[in-house]
Structure formats: C-alpha cells, structure tokens
Amino acid sequence: MPIVDLKNVTFEYIRRDNEGNVDGITTAVDGVSLKVSPGEFIAVLGANGSGKSTLAKHINALLFPTEGAVFVDGMNTADEDKLLDIRSTAGMIFQNPDDQIIGQIVEEDVAFGPENLGVPSEEIRKRVYDSLDAVGMSEYGLRSPDRLSGGQKQRVSIASVIAMKPKCIIMDEPTAMIDPEGRREILETAHRLNKEEKITVILITHYMEEVVDADRVFVMDKGKVAMSGTPAEIFSRVSELQELRLTVPQATELAHRLKMAGVPIRDGILTGDELVSAIMKLWSAAR
Amino acid sequence: MQKDNTLIELNKDIPILEAKHLVYEYRTAAAKLIRAVYDVSFNIWPGEFIGLIGHTGSGKSTLLQLLTALEEPDSGTVYFKGQDIFEKKYDRKKLRGKVGLVFQYPEHQLFAETVFADVCFGPLNMGVDRKQAELTAYDTIKKVGLEDECFYKSPFDLSGGQKRRAAIAGVLAMKPEVLILDEPTAGLDPKGRDDLLDMIASLREDAGMTIILVSHSMEDVARYAERIMVMNKGKLLLDDTVSAVFMHQSELKSAGLAVPEVMEIMTALSSSGMPVRDDIFTTDDAAEEILRVLREYRVI
Amino acid sequence: MLRDITIGQYYQTDSVMHRLDPRTKIVLTFVYILSLFVFENPAVYAVAALFLIIEIILSAIPLLYMVRGLKPVVFLLAFTVVVNLFFTGGQELVSFWIFRITIEGIKRSAYLMGRLIFLVLASNLMTLTTAPVSLTNALEYLMKPLKIFRVPVHEVAMMMSIALRFIPILVDETNKIMKAQIARGADFESGNIIKKTKSLIPVIIPLFVSAFRRANNLAQAMEARCYNGGEGRTRLNPLKYRRADIVAYVLLVIYAVLIVFMGCFLFRVIPIAV
C-alpha cells in the first residue's frame, strides 16, 4: 500500500478583490495524481507559485481537495475521525523556523506533538530525547530556541515532528530561509532519517542541488505535474527545466553545454565528481 | 555579466566609502562580550560591484548598518566621499539617501496603500518635492521591472517576486550613489533570482551605481561581482578580486564557505592532469576553457 | 536598545528555589506580597526581610544580580520617597520654603520604600528561579477552579505561553523594521507628538502584517502537530509536589502565623493606606 496516494487532486480557491467581490477562481493544484511508496525519498520541485506548497498541505490534511481524494497510509483525509492519525502519520515541516516553534524551551517544543496525542509523560520524555538525538540536537534540550541558528531551529522542528512517530515527513521548503551551512545540516538530517529510521520523506524545494540524492523527482508547474522521474532523468532535460523557471546544478549545466558543443558526454550528470570522471575518461582515452 | 570598466565619469581619486578600524561590540544577556565587527578597514571606489560574503553571525549585517550609520561604532569610523559620517554635525539622514540599504526580506517593510505611494516614501523623506518624488517613483518602478498595472495596486496584493522589486524600488527612488543589498534573492526561485540579479547589474551599467551585494551564494557573487570581501568572526578575512579570493580555498573552507562548484571541477580536472586553467568560476568560462583544451589536444 | 529587553528573565542554575514546584513559588510569592500590605510595623518588616534573605540565599542567585533588578523601579522609588518625605503632615522636624520634613513622613517613606523593594525583589525572585513555561503551566493548574465559571483556563495559559515565546521575536522585528524605514529616511524623533505618532505608521503596518502572518503560520503548525485544545493532553513535565515543596508550605504557614502574631499583638494594626 502506498504511504501517500493522491488521486486526481484539484484545489481551487476564490480570489476576491479589495471590496470582497469575487474576482476569479485560482486553480492552485490541477488534477495531480501520484503515489509514494513507504521508505522513498521524494523531491517536489517547482518555481514560486507552481502549487507545490498547496499540494504539500493536502498530505497533512491542512487543506482538503476540491476534487479528487488524498489517502495517507490508507486513510482518506476527508474522514474527520482520522484527522489526528493522518497528521501524526504524515508530519509537516514548514518554511519559517520561527513560526513553527511553539515551546519556549527546546524539549517543551519537541514534546508538543506527543502531548497533544496524550502520550504518557515518561514516554514523552523518552521520545523527546530520542528525537533530539536523531537530529543531533540532544544537548540543546533545555535551551531557548531563540538562541539557535536557523539550521538548528529547523532540526528542532524536525525532531518535533519525529516525536509523533510519523511514517512520513513532508518538508515544505525547509531550507528557503536558511544559510548554506544550515541547509546542509537539514538535508543530511532528512537523508539520515530516511535511511536509518526508514521514514518516507517528501521534500519540497526550489533548490536543484537538494534533489540530486532523491529517489524520484516531481516537477510542478501551474498546479500540474510537469515532469517526473529520477534526478538523472529530470536533469538531462535542461532546457525544459529552464522553461519552468528552474535551473540545474552547475555540474549538470556545464555537462549540458559541453554536450551541446559536441563533446560526447552522457546525459544526467548530477555532481562535479561525475562530470570530472566523465571528462577524464574522454581525455585519457584520447591520449 | 558586465565586467569591464567602461563606466561613466566618476571621481575616482577618493573612495566613495572608506571604513577605518571599525569596531562594534555588545554584550549578551549573559554579559558575554561579542565582537560583531573588529578592526575592519577598507576602501570602496565609485562604480565597483562588490560581493560581501560570510556566514550567519560573521558580522556582515552589522557592518552594513555601520556603513549607513544605523549603528554607531565603538571605535573607528566611516568616510563617505571623504567626510566622516559619525561627525556630530554630519547629516546622516541625507547619507542614507546616498548610501541606500536594502534589508533582507525588504517586502516585510512595505506599508503604504499603493506601490506608488510606498516608493514615494523615501524621496519625500529626503525633502524632494512631491512632483519630483512622483516622477522619480514612476521611473524607478519601471526600472525594477514592475508592470504598469502594479502602480496602484496594494503592495500586499503583489506576488512574492513583485513585492521584493517594489521594496527595492523604495530604496532606489532616493537615487543612492551606493546601493547595498542584504541577500536580495533569499527565498526567490532560480529564475526570479537570476532576473533580480540581472536587474541589479544593469543598475550599475546604466547609472554607474556602486553596488555591495551580500550573498551566501558563491555562484551569484562570482557571476556579478568583480571584488569580494569575506567576513569571518567579525573580521575582514579576505578582500580581493574574485579570482584571487577563490584561490584561498582552505581559508574559505575554515570560514564555513565553499568556492563555486565550477571552480572545484576545474581544480579537479587540472590536478588529474588535464591542462586547464583552474581560476575559472563561471559555467560559461569553464565550458569555453574545457572545449579549448579538448580541441587543442584533438580529443574532439 | 531594544535588544536589551529580556522577557521572562529566567536565571539558569540549580538551587533549592529552582527545584521547587512552580505552584509553590506562585503561592509563596502571593502570600509574601500580601503580608507586606497588611501590617506596617518594624517587627513585621524585619521578619519579612529575613524571609526574603533566606529565599535569596537558597536561590543561589548573586545578590548583585538581584539588586540590579531594582533598576527599573529606581525612579518610582525616588518619587515615592520624595512625595512622602516632604508632603506628609505631622510633627515637624525640619522645614524650608514649601518643604516640611516630619517624623511621620520619614516613617511613611521608609515603609513604602521597604514594601516596594521587597515586592520587586520577591516577584523577581519568582521569575528568576522559574522558567516562563513552568509559570504558565502552574497558572493553568492554579486557575483550574475557574473552569466552573466557564473561564477557558487552558486557552488562556496557552495564549500566555505563546505570547512569551513571540514577544522577543516581535521586539526584534520592530527593531528591524524601524531600521529599514530609517534607511529610507524616516524620522521618528523630531516634530510634535502628532507628527511623531504619524511617523510610526510605516512601522506599525508592517509589524501588524507580519504578526498576522506569523499567527497564521503558527496556527497551521500547531494544527499540523495535532493540537486539538486542552482535552486529553498530557505533559512532558507534569507538576508534582516533592518533599521540598511540603517543607516550603510549612515554612510559609509559620511565616504567616508569625506575621499575623506580630502585627496583631506586638504592635497595633495600622489600616492599609496606599
């Protein structure tokens, strides 16, 4: 059974002007169907306004489809009795770290989810420190979140979600407001949780470098899934990506340019190392 | 992309901004002394495009606020065109019109009923009469690439990228000679980022504006700036041309920064025995150089 | 500077006072403050002073740190003392121009000063030794009886807790917005009161917009983490009385009895006049 199953999901909302009159209807998500298997690392790419965040909020039952249906671990998000189960099965990390930390102390924040679920106190304590451990923040349990760096705050947010023992985490542009160092911390944490804890990760981002290690990539445009495939497949379609207001990693772009100029180099190069070895192979073969 | 120095005539004899032994310290709640900026000195010349990098907490934000007199240094000072901006009688309000600072997430500072009114705010504060302010606002909104229909929209109804442009226009409308931008592309998608940086680069070409661009992205800095200043732990670690700064790979790494990926690729190729130059940091130049070598050695 | 403001001035260390249950500390502080207002005589104040000194010693907070906490009320203190010293009627001691210093005036200002200092120190001691989050937890618990009157106790406590979390963030943001507008030539200092108030519009509007955005984001984040009101919630740190708390309550009772005894029998009662 897929952990996340989107069936022809459409989400529309009514735009109003300043006087409150109906101005038009915006279709933020337009007939999206996709399945995610347990344990996968999925990346959803898209420019600003492509509908990727709106889509993400459906999986956590924060938004509900106008048409179609969303199933999380077999539960339909339209089923109100299952709401808490769905939200604790598919946890959500948001963009701004400051606006999702509720507790005044790190451990209190991580405890917030389990507290809401009515987990007994001793069990909460265990979960809190296990989760902080999993994101490498256990020595910060008694700190105030205000004193942490952006990357650390986001890791606390991740711990707060794992403390609910989710099977899946959805990360809605978790690195958009974070500096490169913090970005690396967050991504490493996400990959580790995916590998070690077998948690399914759905990463929403517009940074191309972040999707290189994903199992599958979906590219959204105007509410639709415009492209899907492995990172290598997606990144071999450089010009299409550029049309969708996205860019490829520098290594991929350089490989693409060389290929266009007639260098026999394979498609779908993602990292600098791959490119270097491809060029060196040509070089040593000719010499 | 423009990197040549065919700029309009400017007084190149005195630096437009000069920092002299700037020190800025403060104490945390736990009474710990933090040296946000420590003994920083540099000259900035008219028409330069400077990239200022350093990771969070390196002191670069404080430095920007010292350059615009939003904070006062504990010691040292800043000269704008040879005049000490922390001198008692110096008109610091006027200075802020001349050295425009665009904060990170500037769209959070939009407040007026229309984009047009918001952009007029700066020039009016500078004592420009209303008619002139409106003319300038009109030009500026056009220049930052906002469509006509945005003029009388509420700034809150704009899209993310449009808001960012409107906010930048609010500073540009004061006609600054130096424009300082703190992470102007944060949160924008790749196309939005490139468009905005191109717009900023064109400001320099058209108006001869001096630009200081604060960025985390080595790639962006490498593409647009000709000089890089690296801040680390409150100190100015490196200050040189782009290629010279990127040669200090180990120092950059110790400051928590990395060189552009292209440069790492070129370094790896050259150290594996391919005779390519390793002081290249844009994809255009790298492609050209690799092709040159491959052709020269008849690999292709 | 705005950045110097600290809300919930918790002093992190380990001490007997820190380990007490927050409910005990609230009750303790409440009774103590009450005791300062009921009687006005030297013996009572001496006992109160002694009690406070013991508390401070047990809290392991440096005395200097405590004294520094009086800084915000220095002006109020000086004002109270001056007013009472010069304008209390009674037996005249010295006089010049319109000022007359009386014995009653000296007594009165001494009491008021003592009361104010003790009050500030005692309440500071509570906030210094108790993390804000524990305080809100304790308040939620202590206010529980109010549920009978349909007071949304859990919601009030949650709101307090969120306010405590967001005040520093919003203070920081205000600071940032002000600087950004100053960078656009805004002037918050010159002009009359109307002009000054008007000049704040470019700060207040972005601040409100941002506060609403944050509120919206936070609500969503809370929902995403299964927040569903107070019903069925458990706690990471459930409030539990330990032996130290019992000891503290016993001491508090002894203190109260002592105060009442001294106030009623050793000296005559002076009605409250503030």
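Note that the chains are named A, B and C in the order they appear, and that numbering of residues resets to 1 at the start of each chain.
Convention: contacts are C-beta pairs under 8 Å (C-beta built on N, C-alpha and C of every residue); 3 or more make two chains touch, one makes a residue touch a chain.
Computed from a prediction, not measured in an experiment: that's the story for all the values here.
Of the two chain pairs shown, B-C and A-C, the one joined by more C-beta contacts is A-C.
Farthest from subunit A, judged by the mean position of CA atoms in each chain, is C. Averaged Cα coordinates give subunit A a centre that lies 30 Å from the centre of subunit B.
Inter-chain spacing, taken between the CA centroids of subunit A and subunit C, is 44 Å.
Looking at the complex, you find that subunit B touches subunit C at residues 26, 29, 65, 68, 70, 93, 96-97, 100-101, 103, 106, 108-112, 121-122, 125-126, 156, 170-171, 174.
For subunit A in complex with subunit C, the residues that touch the partner chain are 57, 60, 62, 84, 87-88, 91-92, 94, 96, 98-105, 107-108, 111-121, 124-125, 128, 142, 146, 160-161, 164.
Residue ranges of subunit B in contact with subunit A, taken from their complex: 55-57, 154, 159-161, 186-192, 194, 216-217, 219, 256-258, 260-262, 264-265, 268-269, 272-274, 283-284, 286-287, 290-291, 294, 297-300. Within the complex formed with subunit B, the residues of subunit C that make contact are 3-4, 6, 173, 176-177, 179-187, 201-203, 205-206, 209-210.
Of all residues in subunit A, only 18, 46-49, 149-150, 176-177, 179-182, 206, 208, 242, 245-247, 249-251, 253-254, 257-258, 261-264, 272-273, 275-276, 279-280, 282-283, 286-287 touch subunit B in the complex they form.
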